[in-house]
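Naming follows writing order (A, B, C and D), and every chain is counted from residue 1.
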Amino acid sequence: MSELNIGIVGLGRLGRRHALNLRDRIRGAQLVAACSPLDEELGWAAEQLPGVHRHHTLEAMLAEPQVQAVFLVTPTALHAEQIIACLRAGKHVFCEKPLALNVEDCQKVEAVAADYPQLKAMVGFVRRFDASYQDAAEKLQQGLVGQPYLLRSQTCDLNDENGFFVKFAPSSGGIFMDCSIHDIDLARWLLGSPKPVRVWATGTNALHPALADCGDVDNGVAMLEFADGKLACFYASRTQAHGHETLTEIFASAGRLSVGANPRANRVDISDAHGVRNECVQDFYQRFAEAFVSEAQHFVDAVLHNQPLALSLADATEATRIGLAITQALRSKQVVEL
Amino acid sequence: MSELNIGIVGLGRLGRRHALNLRDRIRGAQLVAACSPLDEELGWAAEQLPGVHRHHTLEAMLAEPQVQAVFLVTPTALHAEQIIACLRAGKHVFCEKPLALNVEDCQKVEAVAADYPQLKAMVGFVRRFDASYQDAAEKLQQGLVGQPYLLRSQTCDLNDENGFFVKFAPSSGGIFMDCSIHDIDLARWLLGSPKPVRVWATGTNALHPALADCGDVDNGVAMLEFADGKLACFYASRTQAHGHETLTEIFASAGRLSVGANPRANRVDISDAHGVRNECVQDFYQRFAEAFVSEAQHFVDAVLHNQPLALSLADATEATRIGLAITQALRSKQVVEL
Amino acid sequence: MSELNIGIVGLGRLGRRHALNLRDRIRGAQLVAACSPLDEELGWAAEQLPGVHRHHTLEAMLAEPQVQAVFLVTPTALHAEQIIACLRAGKHVFCEKPLALNVEDCQKVEAVAADYPQLKAMVGFVRRFDASYQDAAEKLQQGLVGQPYLLRSQTCDLNDENGFFVKFAPSSGGIFMDCSIHDIDLARWLLGSPKPVRVWATGTNALHPALADCGDVDNGVAMLEFADGKLACFYASRTQAHGHETLTEIFASAGRLSVGANPRANRVDISDAHGVRNECVQDFYQRFAEAFVSEAQHFVDAVLHNQPLALSLADATEATRIGLAITQALRSKQVVEL
Amino acid sequence: MSELNIGIVGLGRLGRRHALNLRDRIRGAQLVAACSPLDEELGWAAEQLPGVHRHHTLEAMLAEPQVQAVFLVTPTALHAEQIIACLRAGKHVFCEKPLALNVEDCQKVEAVAADYPQLKAMVGFVRRFDASYQDAAEKLQQGLVGQPYLLRSQTCDLNDENGFFVKFAPSSGGIFMDCSIHDIDLARWLLGSPKPVRVWATGTNALHPALADCGDVDNGVAMLEFADGKLACFYASRTQAHGHETLTEIFASAGRLSVGANPRANRVDISDAHGVRNECVQDFYQRFAEAFVSEAQHFVDAVLHNQPLALSLADATEATRIGLAITQALRSKQVVEL
């Protein structure tokens, strides 16, 4: 097989970016179908994705024999059932993170996937495909800084004055499921997938008190202990003033690696009355635009050449499991044992 | 009064630095006496502090009428009783941090000090006197970055391969009492002294497993919740490879201040086969040498001109109280309510 | 026209990169032909560029009616005649920098191009297409830092211990024509194309004394004065230890912009026994990989949609003219008037 | 001798700083006399320098037998004659830079000094005493980056909107004599005092056209060639928006050292709507405050212990000679041979 026919589901902001990457940037990818319940989104597809078949329902799209793989960029609540539907229709499937907001759904997906070993299924933990994170992972592998024992990772969003995300808070699973899920996956990946044993979390509402109505916070911190003694600390924020900052530090026996210490937008520095400064990336997509390409390329290559995926559904399940424990800790103010 | 006659107690490494500062750098200070039970330390005084009276006991030094103020640079276990002795002898007193390793001793000191309102007594939280921390505090005061809601602070020491500190671990009070006590004081200072309500902590032994014998760790992390919803996160480490790193970040509603993000030794950058790099300060003294001068100057000025001190014994008590709660959390793996 | 059929000439290291970009990354580009006198290069094309017609001579390739545009990635000495041949064959043409090593050849090209106004011809000053340089140019346009009066720009290559470039020195035109030509173009672009009036230059051979045989240096510095009083300073080096460093600073009445101050390879920082450090890009291609894509996309879009090019042949001529004057100044140790 | 009795001449802004350093910071220094023709300056001395004898003329001060050494912080035009007067009166002498604005005066001073070999005479090239420059010098000595071949150094002042310096331009000797004299001295020091052979220079008036009346510029660039092939480039500016920036880069065969790449005011970083930024030092004194202390301490120690000085009058003469050649090059637009 030298080309993979792909259908995409969900053409919101991130869905459109995936669609354009599949159209323009992914070698071996052929975007052949697009699906959305919304006319506005299909209208965008009609204009930007010429020749692509448009569908209002996943079922209709899955019925197309030419579709070999599906990209799901849909609300999290739909992920589990949609992945299962894709697999049962014999399609490879890529799904945006997180896999689900409860462990049962994750396990259901895993069980179905086990019935289709010839199909690839992957959840999009995009940071694993970022060049800087990959460089850090290689350096760890090579032992450049010795044995890691502590990882700190944060996902800090530029404050949205309109509080757009507040509306979505009730269905997002909370700040840790929405933002820190990436950091949790990074911790597992970079620390060698140790067994988590214990979490604690707390948080505050600095700028968006309305979040309290659904038990959420706009700034949350958490600590995670692993069975082998390794530690992880997480910070998630909706209220930064300077931009989007994804920062991960890995403390190891002979040194420390950090990824993203200054979220500079580019190589320009400005020296003026404000001092010496650089502008910052404004959102996660600006930060990870190339990683989204590498991620999709990795998935497409894995399908075309039947290569192993960089991460498994079990990885996604574990991230959800830890994320839920942290969320429970935030709400209970108690240590949660895993 | 235009000159303050000072006696110093304890001439170990840090004591000698205080002594030399008092000899050379502090306007209005006259170092007139030095005290140590160790001949070696008094020998150093004979050589470096000409004209200074030398004593083997604090009692003997306090008996000198010319001594108006005392600098205590002694083991923590002695602080409380020595401060009390100084006050009862009518001497102003500066004492190295922490005030004590239990709250009762702290309160005893406070009670005695209350009987001598004309005497100044201060614990040396030196970071409050560092130019960069002072700049950050002023910027917060001016509202440059809005209202602070989260402070993260870390004290990370260069790894000592000889594990010198392991020997002292049993009497140090543990990593949080020894290192994080500064960060705890900073959190209170920069967040406006809110009431602490809850802590959690964990840790690991990355390089010095012998610490486990006394319930200590070489890397510890902790989270602290305040009554007004503000948060603090602490990290203390004995095992850094690059140098001593004291870093504090204050997240506020309109921006973030950080102090010490790269612990550069000076203004030199090296571009060579290792990349673009800078060397780092190697210990807390290299980082805070000028702050020790400012601190001593502040104390001496406060005595000479009868001005208020920048921090009170109650501040020192509170830092000990929080530090002890964090230590208890580390050992119990439970949330500790304050 | 929605697709542009392109033939590429020259499949050395940079030619291959252009070819792969045209194959994979440029929307609207169809790579249909490749030309090289070398069997090894055509062999690479056979393997990597399936379906592309292969030619040993430019003439043969130009005879293909389907070829609508040509990318020239050939030795500089051939540029002028090859561009002219392409134009006379009715092909749009993109040519790597510099346009030529003498002004007469540049002017010949301009004269022929004037006869074919419907054909696009552009020299690849790739930095104009780099996102950071574009951001700097926009900030200047917006007046963020006021009126520029001085530009400093440097092109510093990682030292090649094999001295590969020494072999090519006799035909390269010297370090200023080979490296600084980009900086010269940047100066004209970012300062508003003022009229150059006077140059000074000097240089040294730090590591490659053999360069002296052809009057070249491995480190050269130059100053350029414009008629409106603006200034430019250039530095070109073959002997850096840390990587490839392209740095441009624009000093303006209300601030300074700099592009590339630390040539960091990515967002990873390492803190270890060497200090706090980052690795660096190792060559110009690693630095400008995305700019090569943007440049080719710009050219292809300009042809497909008949849009103006970002830079003219006259710009390329002027860069050559200034580069030659600087080279003459280096050799004569005299000020050269333009 | 364990204390050196010092008289200071000139109590303008910098003079007062020297006076306070001598009063408070310099071990072994005893400030006993102060001299100024201005009542206002002597009034300041009466208040800030209690016990110091005040004089309106140098002659009167030199007549005081107790004065053993003199600090001259006076207009450059007076330096030569005042140094000579001090030496003839049997006093050691420290003089602010530059030694003089013509080579003849420098040589006259050297000749007189040769008659008093027991007296120390030093010109204040303060950067040699800065901890970062000293670290760079030691790293060069140790061969950390191999053999240096090019030094670039700049002295860039924050723009003074009042154009205060414009008034002094006629007597300052021009921007290169006033500002670059330090960079010239650094080049000689760090490159091993090679013989200068040739200079080029140019400049522009970006914000202060009135400087043209006295042949001066507010931004000047220069290049200097040494007999051994080493090179130096200088940049001096009066018009920076972000602060005072003294930056020196030493390019060497195995790496590059730079001193002062970001003139950060302290260790605080601000992340807000302006990006990630740091404030900058605002003037040379903020940058070099500690170096002024080290410099004075060095001079006092050299006198007290009869130790060699770190730099000679010949060094100061050579800096003046090169500075004058650069100034001549700026005015003539010609290469000037030395």
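The rule is short, and it goes like this: a residue touches a chain if its C-beta (ideal position, glycine included) is under 8 Å from a C-beta of that chain, and two chains touch if they have at least 3 such contacts.
The structure displayed is predicted, hence computed values, not measured ones.
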Intersection of contact partners for chain C and chain D: A, B
Chain separated most widely from chain C, comparing mean CA positions: B
Averaged-CA centre spacing for the pair chain B and chain A, given as whole angstrom: 42
Intercentroid distance (Cα basis), chain D paired with chain A, Å: 57
Chain D, residues touching no fewer than two other chains: 145, 240-242, 254-256, 261, 265, 270-273
For the chain A and chain D complex, residues of the former touching the latter: 240-243, 245, 262-265, 270-280
Chain B contact footprint on chain A (complex, rising order): 145, 147, 149-150, 152, 198, 200, 202-207, 219, 221, 223, 225, 229-231, 233, 235, 237, 239-242, 251, 253-256, 261, 333-335
Chain B-touching residues of chain D, taken from the complex the two chains share: 24-25, 27, 131-132, 135-136, 139, 144-145, 254-261, 265-273
